Amino acid sequence: MNTLVYTFHFYLFGLIAIASALAFVTRKSAVAAALWLVNTMFCLSALFVMLDAQFVAAVQVLVYAGAIMVVFLFVVMLLNLGEASEVTDIRSLGGKLTAGFVGLLMLAELFSLSRLKFPRLMGAMTDHANVVNPVSAPLFHEFLLPFEVTSVVLLVAVIGAVVLAKRGPKAQ
Amino acid sequence: MIAEALFFSAVLFIIGVVGVLIRRNAIIIFMCVELMLTAVNLSFIALARLHGSATGQVFVLFVMTVAAAEAAVGLAIVISIFRHHKSVDLRNINLLKG
Amino acid sequence: MRDFLTQLSYDAWVLPALLLIPLAGALLLLVTGSLSSDDGTLEAAPSARVIALVTFVLEFVVSMGLWWSYDPAGARWQATFDHWWIIPWNARLSMGIDGISLMMVLLTTVIMPLAVLGSWTSIRTKVRSYYALMLVLTTGMLGVFVARDMLFFYLMWEIMLIPMYFIIGIWGGERRVYASIKFFIYTTAGSLLMLVGIIYLWTVSPVPAMGLPASFDYDRLLSIAHTHRAALWLFGAFFLAFAVKTPMFPFHTWLPDAHVEAPTAGSVILASLMLKMGTYGFLRFAIPLFPTAAMTPWVRTTVLSLAVIGIIYGALVAMVQPDFKKLVAYSSVSHLGFVVLGIFALTQQSVQGAMMVMINHGISTGALFLLIGMLYERRHTRLIASYGGIARVVPLFSALLVIVSFSSIGLPATNGFVGEFLVLLGSFKTHPFFTLFATTAVIYAAAYLLWGIQGIVFNPLDKKENEHITDLNARELTIMGVLVVAIFWIGIYPQPILRRMESSSAYFVHSVEQGQADTRTASREVR
Amino acid sequence: MYFDLSIPSQLAGALLPDLVLAIGAMLLLLYSVWGPATLARARVTGILAIVVCAASFAAVVWVWRHDATASNGIIAVDAFRWATDCIVLAATIIASTLMIDYSEREQLVSAESYVLLLLAASGMLLLAAARDLMVVFLGVELMSIASYILAGLDRRSARGAEASLKYFLLGAFSACFLLYGVALVYGATGSTDIAVIGTAVTGKTFDNPMLLAGIAMLIIGFSFKVAAVPFHMWTPDVYEGASTPVSAFMATAVKAAAFAAFLRVWIEAFPGATAAWVHPLQWLAVVTMVGGNVIALMQKNIKRMLAYSSIAHAGYLLVTVVVANQLGAAAFLFYLVAYTLATTGAFAVVIALSEPGERNESIPDYAGLWTVQPWLAAAMAVFMFALLGFPIAGGMGFFAKWYVIEAALHAPQPQTVLAVVLVLASVISAGYYLGVVLTMFMKPRPADAAAVRPVPTGTFLVISLSAFVLLLFGVLPNGFVKLAHDSVPISMVGTPAGPPVTAAAER
Amino acid sequence: MLQELAAVDTHPLAETAARFVGLLPLLPLAGFLVNGALSLASSYKRGPADPSAAGAHDGTAAEQVAAHGSDHDAVARHPYAAITSVVGTLMPALSFALAIAIFLAMVSAGDFSTPYVRSYFDWMVTGDLQIRWAFQLDQLSMVMVLVITGVGTLIHIFSIGYMRDDPGYPRFFAYLNLFVAFMLVLVLGASYPVMFVGWEGVGLCSYLLIGYWYNVKSNADAGLKAFIVNRIGDVGFLMAMFMIFANLHTLDITAVNAAAPSLGFNSALVTTICLFLFMGCVGKSAQLPLYVWLPDAMAGPTPVSALIHAATMVTAGVYLIARSSALFVMSPAACITVAVVGTLTALFAATIGLKQWDIKKVLAYSTISQLGYMFMGVGVGAYAAGMFHLITHAFFKALLFLGSGSVIFAMHRAYHHTGNHDDAQDMRNMGGLRKYMPWTFALMWIATLAIAGVPPFSGFFSKDGILGAVFERAQHGTLAEATWLGMPGSAVLYALYGLGLLTALLTAIYMTRLMLYTFHGPNRTGEAERAQLREAPWSMTGPLVVLGVLSAVGGWLDLPATLPLGPVGLLDKWLEPVVGAATATAAGVVGEGVTSTEYVLIAVAVAIAVLGIVIALVRLRPAALLPKRDALPEHGIEKLLENKYYIDELYDDAIVTPLVSGSRNILWKGIDRGIIDSFFVNGSAALSRGVGWVGSQFQSGETGAYAWAIAIGALAVLGAFTFR
């Protein structure tokens, strides 16, 4: 029973995510598209939870849906691209069909390659009470260096944002 | 459910790819890339679950950070482009070719 | 003479000295003035050509010692020099001469001063760079002839291209850019495959059982036995490089363009020396390294067919050229066909003859290019149709042109005959039918050259502008004098040269036959 | 010297050069923003950046000289890393030097650019060291993000912005493939540690399908970073649009670092799956060599031409990846040295000759250069010949090609076809390299040609030193050959690097 | 250079004048060098130090060039004429004197069967090849040396007068001397390659002398044609040498002759060798089908025609076959081929000679015809007879040419005097010259009777010797027994005999025609010119007289046994050591004594000669002839003969034109430029650029397109893994 509910929800969120994603790539309006993407993100974070990654799911909602997408929407608004004025934003039907075909082909290739023969399914991380610890321990031991590197990445991003977006001398 | 998760992940990834291919708005294309990243994150989570190790989850955290950084830089670039071209339609942005 | 040379320990230093003297000359040219054009004219830098000439004469004097110091009955390699170079790859600066190299080295050192004299007044811009390039070119050519290390050989082989590329491209005629780039790419395309072959040879060269490391040493590489398949591929790679350089039909089309567009000295060097690299390569590398492949019946037949086609084809095409320089260029295709025929026929006489043709072609064709250059300097056209009857105006020039042409045609008692006769005589023993066809080239040779010189020096003097051509001056007579003496000396008494080459060519013939025989036995045993 | 990488302090020790560089970059950032944005300040920043790089370089040499080793861990401590570091740092120093002169000419006040150069270089050092796919990914991103910004550094330039956008969008797109590849490999092997993957990927687990998909995705991701055909299309636009010193930086350092990671992953993680990836990589190499060269034939703009040339060179370097053994790594390092010197040299000449606003950059503008600037033309000819791989005149370029061909022929499965394609592609490349040379030497100088301005000191130093080193080691490459020979990853197992050369040969 | 390299020589000639044999060619060679230097020295104007400097036209040079003017118009004698005349004539004369001395030494040395070989130094020695500069003196070469130096000296003397006003005077003598030198090398060479030096050397001189007046294009063309056609034959000579060396491992004539039997009687090998050798002879001696150069060679000065194209060079082929007699007798098939070709040539050329108007052309075809006779002789193995005809032909044909030279000289002088530009060599412009040139008239009649075969003039004996030998060989001997192209040898030889007689008839007719039109009947030269016609100076007529005497009495050199008017068969006996064995082999069993058949044959021959003369005298009407410019076109067979059967045109259309246009249009423009260069070389470059262009078109600048490329690339890479 529990498994059935779990399975149902898993499929539900997965399919909603896919549907939202499809809606996202096909909406002409940038704002609408962005919101559909946010929806996908939410569904995915639900899936994360169901895959025993509660901490990551939380971060997903906070960072992705919350921060990143907001920035996107902000820029869309800032540049006044919110209205679907540019009707040709999406390629013509031929382009779409070809792209779809390429996508399906790639998908087929991926599936035929990853026929999903897995070695042995490990047990879930049982300690539901402590969802942060399994993530934080390797983060500060094994993956200390990458963790520090991310800070440099962010530093670069900051510099970059400042350098690029600040009003410089008049464009030639 | 691992297989299903990987399936969803692959489908979302491909939708992202298709999105990149059919859109011409720089910002939307960038969003498609974000979709692809998230799709990969799903794979990571599922595979972490499969292996019972947290490495995958840690990886997802790094990816999110990078995505944030990319978003900052990318949107700055978009703004910069907009200043020059008054447009973010990629068809208008082709001074460089050949 | 030999004692005197021994006292100087001549053999120990002569080869590196020969390579370094031109480089030193080039350096001297670079440090004594600016390279750019503003002060690079002949008037502004009259000393450049003098420096070059002095260097080349010094080079010639130094090299002449080899004539006496080389002992035909002595060791296979003489005047050897060996010095470490690229230690991790075990490449060495290893040099030496045998009878074949000796003659090529001497030919080079004789032709180069003449080439400088031939450019004396015709090169008027950027003189300093021009002579510097000629000096560098000389180092490259001599390096090819004396190298006993494959890597060293390859470097020298390639480095020749650059000076020649610039000489054609900067001081050449109207289509010089096209000609120079065609020349460069054509020859590079050929030789790069050889590079792959050389590297392959190196990778298979170590003999762990005997503790021998990988090596570029020529004699070591000779001793490697390849599978037949590998040998065929390797031979193909080497063959292509040398066939382009030679040039053999159908890889010859760079030659007419390069020759015609190059300045006089460039054509002389190309024809007299650089084409010999190809045939020298056959003699030294392509065949001895892969005797089984080279002597495979179908390979041999193919090469000989190409050689004979080249002989006849070159002659026939030369016959219809309106431009005398192009005529001579195509005649080179024909002459070099004889060399290849002689080499692949593989008899003592044919190989000796092939080497003689190499020398003779260097002298005769060089002389033809020099003469046509002298005429060009006066009238600025090379079209046969724009001359006619100038024997009356420039008798000495005409006499020399006739003499040199007949030497090129192969009139007995001139040098041309000795080489072609030996080639054909020797080739007949092994390949009578190819020889029959090749022999008919003596007809076409007469046809194209005599037709050409008739159009220039004979026929009515019916063009006004030709009536004021002046005859040769002392400098030009000096150049031609040297060459004409060589023409008759080799034609009448070639024995000193033949004797010096005999043991080397005998070794070549013998070793290739031996290599071929060994494999035959081996393959029989396998069966 | 031994580092236990599980102890943070020793990890820091093993990361000494990286830390020097990163911390230096941050200090430099503080300096650069701590005052008015003037040209003079930017210039000082640039000089300081060179000092930082030099310090990091010294650190590399110091660690290298002490034969440092380390436990298996997230980063490698071996000669291959140090050699790559040296190349990257040298390229960064050259790029900074050129940047100083370039900024003054273009009146570009941008002290941040040096900081970004240094931070990108930190990413590269990380890539050279990475023994964990996670570090690889982060290194790639650090390097790339900094490069995206560098491409669009000149805010006045619409082309710069366009280059930046293109680079960014496509880079992010391809990074997803790389990431997906990492995920799949992780899924197949349960680890992101290259060494662990290496032991997991053996003949037995070879038919693990997810692994194959992962390898394929990794190939796609890396191919983009190294600009292999058909993932190359961003390259010419970005090189043309970006400031010339940045182009030089991207053509050399970025490519070197990406390749170093590519090679290390391939040598250490996937030798067990050779049969799976060898054919796709071979094809990639062939298509890249040929494609890069033929398209370069059609270029008029010298920077675009150099971009396509760099694509072709990526093809040559891919050959060493196909070989994927110690000899291949040695050839890779040697090639990289020659390629870096020649490419930066060529870009330096472009900087020396172009006019403010990046005019005067099409090849016909170089006509008759020899008559006004003989030495500059000669140096450019040397760089062209080096890229062509011509002996003596091209110096080390020849030995670089030589080494790659040797690696190809000496591999356990000799890649003869690749070697032949390589030389044939080189013949095609002669078409455009010689085109530059003939334009400079054989075409007359047009009457309305711009007067050539004096070459700035830094640029002059770069040009002359590059040419000098190329030529010197083109005649006597002993030192570099030996260095490359000794610099292959110590952790690697496999064939010895090249035929054994005994002491007897070193008489 | 003349240092003795040979070991102790025990040959009977070793201590005689023969040891100076090397001087024979060297003396004329020295003459060549002196005259050549004079020639160049007299016309050389030193060029400027810097020829590329513009404005090198200085007036003086132009004036001097103008002063030289046309060769024909210059009147002033050459400044070095005196020294040239002395050196140029003295050198062959000294050679002749030395030849006489050697001849006397040989006579006094008595019978010796091995030739005297004098070796100087190595030429080409490598492996088993041993070629030395060596001269060989034996009876055969002695005969040739005497003819060459003797007739040569006379012609040199004649030339002093004939060429006196020519501006290229020293050059002419230089060439002539060089020719004598090379001709001597040819006949003295002890090995085939040395012989070949002379063989090609005389070809060179022939080339230079035919084109001596090079400023007329047709002269230069004729020289070129002569050299090239000769070279076709030389291919055969070379191939023969290669085959000989490949099988006998030597090229020394003595050794080859000694080893010839080892090749096997009538073997394909020896036949091939002989046919190749004969190919050389066909070229040099102007036989079918390579005779075409000789008529054109008349473009050269007349002394040249006399010396080279009648007396000496063209007979080299005959000499070569006599020299290689040991080879030829091994192959009856080759021998018959030689005879057949010779006979057909003789007949063919004689028919053309019937309708030629140019006096020298008639003589040229006559020469070809007579050479055919000689080949008929040596072909049937009658070497002595062939050589005999060679000698007598040298006398009377040299006389005829020099005589015609006298006539042309006179005609030319007359035309020159009045500024007329009519053809001085056309018989239609002559007529009745006997009044003006009685000496020439008389001497030429002697030669005509000699060539026609009227006894007792020399030609009668030599021609009869050949015809008799043919008839005899048809009866018995190896040739009669052999088959040739499926026909019995004897039948072929009988046919040849018949054709030989027919040719003799034609010979008599055309020679009488020549004499009639030139010397008899009314004069057609023109009123004004007639006054200027007179006999040439004595320096020219003198040699004619000497040759006239020789033509008349030359027959006594080798009287047949049937007509013992003196010592019988002198030449036969003299040549016995050289060609005796070969002759004997060819002849088979020889019936002793004189048979009645032989008298019948002689009678027939004489009758034919007389018949021919009579036919000509009766049929031809010199009075009815019109000068050239008024002449009517000929029709039918006469037109065919006048145009020499259109053979030149045929060769031009069938060989030369296709070869040249094929070379130009197919080989050069088609293959070289079209296929190799345009298609492969530039084509591959264009292909690269084309692919590059396509590639750069994908580079549209739109980021979306780049993403597509990446996606498709990803698809491909994934596909490569999927469909592995």
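Note that the chains take the letters A, B, C, D and E in the order they are written out, and that residue 1 is the start of every chain.
Rule of thumb we're sticking to: contacts are C-beta pairs under 8 Å (C-beta built on N, C-alpha and C of every residue); 3 or more make two chains touch, one makes a residue touch a chain.
Worth saying up front: this structure is predicted, and the values here are computed from it rather than measured.
Looking at chain A and chain B, the chains that touch each of them are D, E. Counting only chains that touch, the fewest steps needed to get from chain B to chain D is 1. Comparing each chain's Cα centroid with the centroid of every protein Cα atom identifies chain C as the most central.
Distance from chain A peaks, on a Cα-centroid basis, for E. Separating the CA-averaged centres of chain B and chain E is a span of 95 Å. Here the spacing of chain B and chain C, counted between their Cα centres, is 64 Å.
Chain C has its Cα centroid 70 Å from the Cα centroid of chain A.
Here the CA centre of chain C is 42 Å from the CA centre of chain D. Across the assembly, chain B contributes 6, 16-17, 20-21, 23-24, 26, 29-30, 46, 50-51, 53, 55, 58, 62, 66, 69-70, 73, 77-78, 80, 83-84, 93-98 as residues in contact with two or more other chains. For chain D, residues that reach two or more other chains under the stated contact definition are 134, 138, 141, 145, 148-149, 152, 155, 158, 164-166, 169, 173, 184, 190, 212-213, 216, 236-237, 298-299, 431. Residue positions 685, 696, 699, 701, 703-704, 707, 711-712, 714, 718, 721 of chain E are each in touch with at least two other chains. By the definition of touch given earlier, these chain pairs are in contact: A-B, A-D, A-E, B-D, B-E, C-D, C-E, D-E. Residue ranges of chain E in contact with chain A, taken from their complex: 704, 711-712, 714-715, 718-719, 721-722. Chain E contributes residues 36, 39-40, 43-53, 56-57, 61-62, 65-66, 68, 121-129, 133, 193, 196-197, 199-201, 204, 207-208, 211, 214-217, 220-221, 223-224, 227-228, 231-232, 234-235, 238-239, 241-243, 245-246, 659-660, 662-664, 667-668, 671-672, 676-677, 680-681, 685 to its touches with chain C in the complex.
Looking at the complex, you find that chain B touches chain A at residues 1-8, 10-12, 14-19, 21-25, 27-28, 30-32, 34-35, 38, 41-42, 45-46, 48-55, 57-58, 60-62, 64-73, 75-80, 82-84, 88-89.
Against chain A, in their complex, chain D makes its touches with residues 6, 8, 11, 15, 22, 26, 29, 74-75, 110, 112, 115-116, 119, 122-123, 126, 132, 134-135, 138-139, 141-142, 145-146, 148-149, 152-153, 155-158, 164, 184, 190, 208-210, 212-213, 216, 357. For chain A in complex with chain B, the touching residues are 6-7, 10-11, 14, 17-18, 21-22, 24-25, 30, 33-34, 37, 40-41, 44, 47-48, 50-53, 55-56, 59-60, 63-64, 67-68, 71-72, 75-76, 78-79, 81, 86, 88-91, 95-96, 99-100, 102-104, 106-107, 110-111, 114, 116, 118, 121-125, 134-135, 137-139, 142-143, 146-147, 150, 153-154, 156-158, 160-161, 163-165, 171.
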